[in-house]
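What follows is a pair of complexes built around subunit A, which joins subunit B in one and subunit C in the other.
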Partner chain A sequence: MIEIRDLELTFGTGRHLVRPLSDLAFSVGKGETYGIVGESGCGKSSLLRCIGGMEKGWTGAIEIAGQPVPRIRRGSECRVVQMVFQDPYGTLHPRHTIGMALSEPLRAQGMERSTSRIADALRAVGLNPAFAERYPHQLSGGQRQRVAIARALILKPDVVLLDEPTSALDVSVQAEILNLLADLREQLGLTYILVSHDLAVVAHMCGRIAVMQSGKVLEELSASDLRHGRATAEYTIELIESSQLKTAA
Partner chain B sequence: MLHGVVENAGAKAADAESRQVSRLLSFWRIFRTDFSGMLGLAAVGILIVLALLAPVIAPYDPYLQSLQSTLLPPSARHLAGTDELGRDVLSRMLYGARTTLLVVVSVSVLVAPIGLLIGICAGYFGGWIDRTLMRVVDIFLALPSLVLALGFVAALGAGTENAVLAIALTAWPPIARLARAETLTIRSSDYIAAARMYGASSFRIITAHVVPLCMPSIIVRVTLSMASVILTAAGLGFLGLGAQPPSAEWGTMISTGRKVMIDHWWVAAFPGIAILVTSLSFNLIGDALRDALDPRKA
Partner chain C sequence: MTSRSQTLSAAGQDSLLRIRNLSVRFGTSPEATRALRNVSFDLGREKLGIVGESGSGKSTLGRAILKLLPPIAQISADRMQFDDMDLVNASERNMLAIRGSRISMIMQDPKYALDPTMRIGDQVGEAVALHLKLRGREKRRKVLELLESVEIRGVERVYDLYPHQVSGGMGQRIMIASTLAANPKVIIADEPTSALDVTVRRKLLILLDKLVSAQGIGLIFITHDLNLAQDFCDRLLIMYSGQVVESLKAAELRQARHPYTQGLLASLPRLDLDLPRLPVMMRDPAWAKDMETAR
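Moving on to the complex of A and B:
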């Protein structure tokens, strides 16, 4: 479903050149959840921004559903990949009702905007259709994140990028959202790329996990490798140990 | 509840309307608690009523000269005295309020959309568009506004319409600045990133996402700049480049009163007080609006 080869991202020129991503390559099958872990600044978010079409300065190749993705996307090219962001408080426009937040993507893609469609989208993420009349500040963090998921899914994308979708939520709400995402993936045959620094979340959600360090994929593990601490790279072992220390404390 | 979602477009429009009304009501509830803001609002309200009713309530014709009764001090017959041509100062002030309000309204209507458009375009598109537009703004800000307005009026000729154009020319840059700053913070937010991802056009993002969030601070800024608009208009009038005699304008009235100020204080003092009170009122309203439109309170 997703095929990435020799992906490199650079900003600036000469002495101010920075390279958040270099020599990246991996592929994700249809219906898979691919996890990406690594400390902050390792390029996880830059990678998602490249796949999502928000960065223009990359080189290499990104293919989605067999089609090479252009650097600048227009119109219907935008529909295929959608994203759920980390901060539930910044993800929705404060002056738009939930109904408007959900009808804007439909409008942008020239799809039919009916109340029943929005109601369906809300029901699919476990919200009452009456929420369409509310403003984001009347919703809890978990509810907002559900709306954000509904907004991403209303265009029926093939790939959904999840940028730490639960790290700003309470633990109980976290589990609800993760289960919702897993159910939706199964129902709709979605492909996820999940970025997180919570190894427990990644091990629970993902089949395969890439460990990233300074813009490169250090190694690729399966979920059971991660759970049993079967890592080869020293950095990965350190990462696993530090997260276990955190859960023990 | 589930079936409460109405498909009917008319009902939806009515609903959006009621939401507007409720937002307006909550805004009014906050504004009402601000004493000085209400004071300013009352003063401006009274001024508007007086200006509208000027032909009815003015005791004399503002242009009627009476050389027998020049420079009379305030009395029961002439509440604010008479000027050097025997014209009633109070009547002239009431008519002058019309000119002042007309200038304020026209300048605001001209300036707010221009400043908003330029600022948002600069902030949203960035790059060379931003650099070009902001350097133009910098150039306008570097010139003292009264001097720029003076030059403009001198080139186009004196008169109220040209004064409005000249003041508008000097009043838009701060608004563009503010709109740009607001846009920069809005642009980097996740909901704009999401809108870009689902393929919304730049035009749609600007009109539906950025403008509604910029409006409150722009309204406040325009209200606060109304005070300086009044002062600039009066300044132009005082220098003889605004409204032309014999038409009544506060700045022009002070200018003619200046010659006789020591012995006949009322000729210049009353229009001066009117300018002071009006610009102060607009400032008070602006401050109260800033508090009431703060999104953290809504």
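Moving on to the complex of A and C:
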């Protein structure tokens, strides 16, 4: 479903040149959830922004559903990839009702904006259609993240990019959202790329996991490799140890 | 609730902090939010974890001890004793003498807690000047010593940096350094590592552990992360809607008896357990009812 080869991203020129991503290559099959882990600044979010069409300065090749993706996308080319961000408080316009937030992508894509369509989108993520009348501040964090997922899915994308979708949520709400994402993937045949710093979340959701460090994929693991600590790179081993804590040294 | 009364004073003889039936409400009307309800515990020279989800009152608890809540908050307690001081009736002037020098606080995010326009050395120096009354060269020497004690390398260089020039982990070390300036007896750490990467987090926790045990400090560690609390703390208080629903030894977290604690543990994805779906917690309204009060 997703094929990435020799992806490189640079900002600036000459002395000020920085290269957040280099030599990236991986592929994700249809219906798969591909995990990406790494520390702040390793390029996880930059990678998602390249795939999602929010960066233009990349070189290499990104293919989605067999089609090479151009660096600058037209409106209709944006529909297939949608994104869910970390902070449900920051991604919804505070003065727009939920219904308005959900009709915005439909308007941008020139699709039909009926109330029934919005009601269906809300029902799909387990919310009452009456939520369309509400404003974001009237919703809890978990409900907002459901709205953000509904907004991504309303365009019927093939690929959903999840950038730390549950880091801002309580564990009990995190469980609900992760279950919802897994159900939707099954029902709609979606392909996910999930970025998270929480190895347990990634192992739970993903089949394969890429460990990134300074803009490169250091190694690729299966979920069971990760669970049993079967990593080869020193950095991955440190990462696994750190997230299992054991501070009492 | 036998487990509760047993572990209430697990610290035993030398408690630094003794709190009985601490309640906080915001506003005076009958519908006012009761952010804390009859919270009781003792803190010894130990690491006490306060665990709960958003809105459970854990941060309010940390702030209530230092009386750092907005004026609208009504604080009441049968007893709130620190050393030989009564915090319930302490005046603002007395609180000023306690805050920072006897009981210190470490905030979650160094990005907001450090003044962006001040050099690191001057910021830590402010605490040194205030609490230790040091000036000039002596102040500088003390600041460098503090920065060294939190394992910052190249302290001379760091002294002249601004907060935006240091990483999150370094920022949190600097926060700890200024907290330690006055040799506090109690440190309240409110989610000190939530903004940090896991590898940085581990180093910081090891450092905090070392400092706390070396100086016999009582640490109140506020966190939403159960795994972290279990691993780092000696004893845990589990909070739900303003009450302590369970109090237990950290090592015994997996044997928790309260359904809320059990539900939290179950909903956590685990590396050592492969489940097709995560169990979702069903909240019982009875958990939010008032519990018996401790004497």
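Convention: the second predicted complex is superposed on the first by the 245 of 249 C-alpha atoms of A that agree within 3 Å, B and C clash if a C-alpha of one lies under 4 Å from a C-alpha of the other, contacts with A are read in each partner's own complex, and residues count from 1 in each chain.
We take it that a contact is a pair of C-beta atoms (placed from the backbone, for glycine too) under 8 Å apart; a residue touches a chain by one contact, two chains touch by 3 or more.
Please read these numbers as outputs of a predicted model, since none were measured by experiment.
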Superposition on subunit A - do subunit B and subunit C clash or fit: fit
Partner chain in contact with A:R113 - subunit B first, subunit C second, else both or neither: neither
Which of subunit B and subunit C A:R227 touches, first, second, both or neither: second
Subunit B versus subunit C as contact partner of A:S243, first or second or both or neither: second
Touching partner for A:E176 - first (subunit B), second (subunit C), both, neither: second
Arrangement angle, subunit B at one end, subunit C at the other, subunit A at the vertex (C-alpha, nearest 10°): 80
Which superposed partner A:R134 touches (first subunit B, second subunit C, both, neither): neither
Partner chain in contact with A:A200 - subunit B first, subunit C second, else both or neither: second
Partner chain(s) touched by A:E39 [first = subunit B, second = subunit C, both, neither]: second
Distance of closest approach, subunit C and subunit B, by C-alpha atoms in Å: 17
Footprint overlap on subunit A, comparing subunit B with subunit C: none
Footprint of subunit A on subunit C - complex, ascending: 53-54, 168, 197-202, 205-206, 209, 224, 226-228, 231-232, 263-264, 267-272, 274-275, 277-281
Contacting residues of subunit B [partner subunit A, same complex]: 1-2, 4-7, 12, 15, 19, 189-191, 193-201, 204, 208-209, 212-213, 295
Complex contact set, residues of subunit A against subunit C: 39-40, 141, 170-172, 174-176, 178-179, 182, 197-201, 203-204, 223-224, 226-227, 238-249
Complex interface listing, subunit A residues touching subunit B: 52-54, 73-79, 81-83, 85-87, 90-97, 101, 104-105, 107-109, 114-116, 119, 128-130, 132-133, 148, 151-152, 155
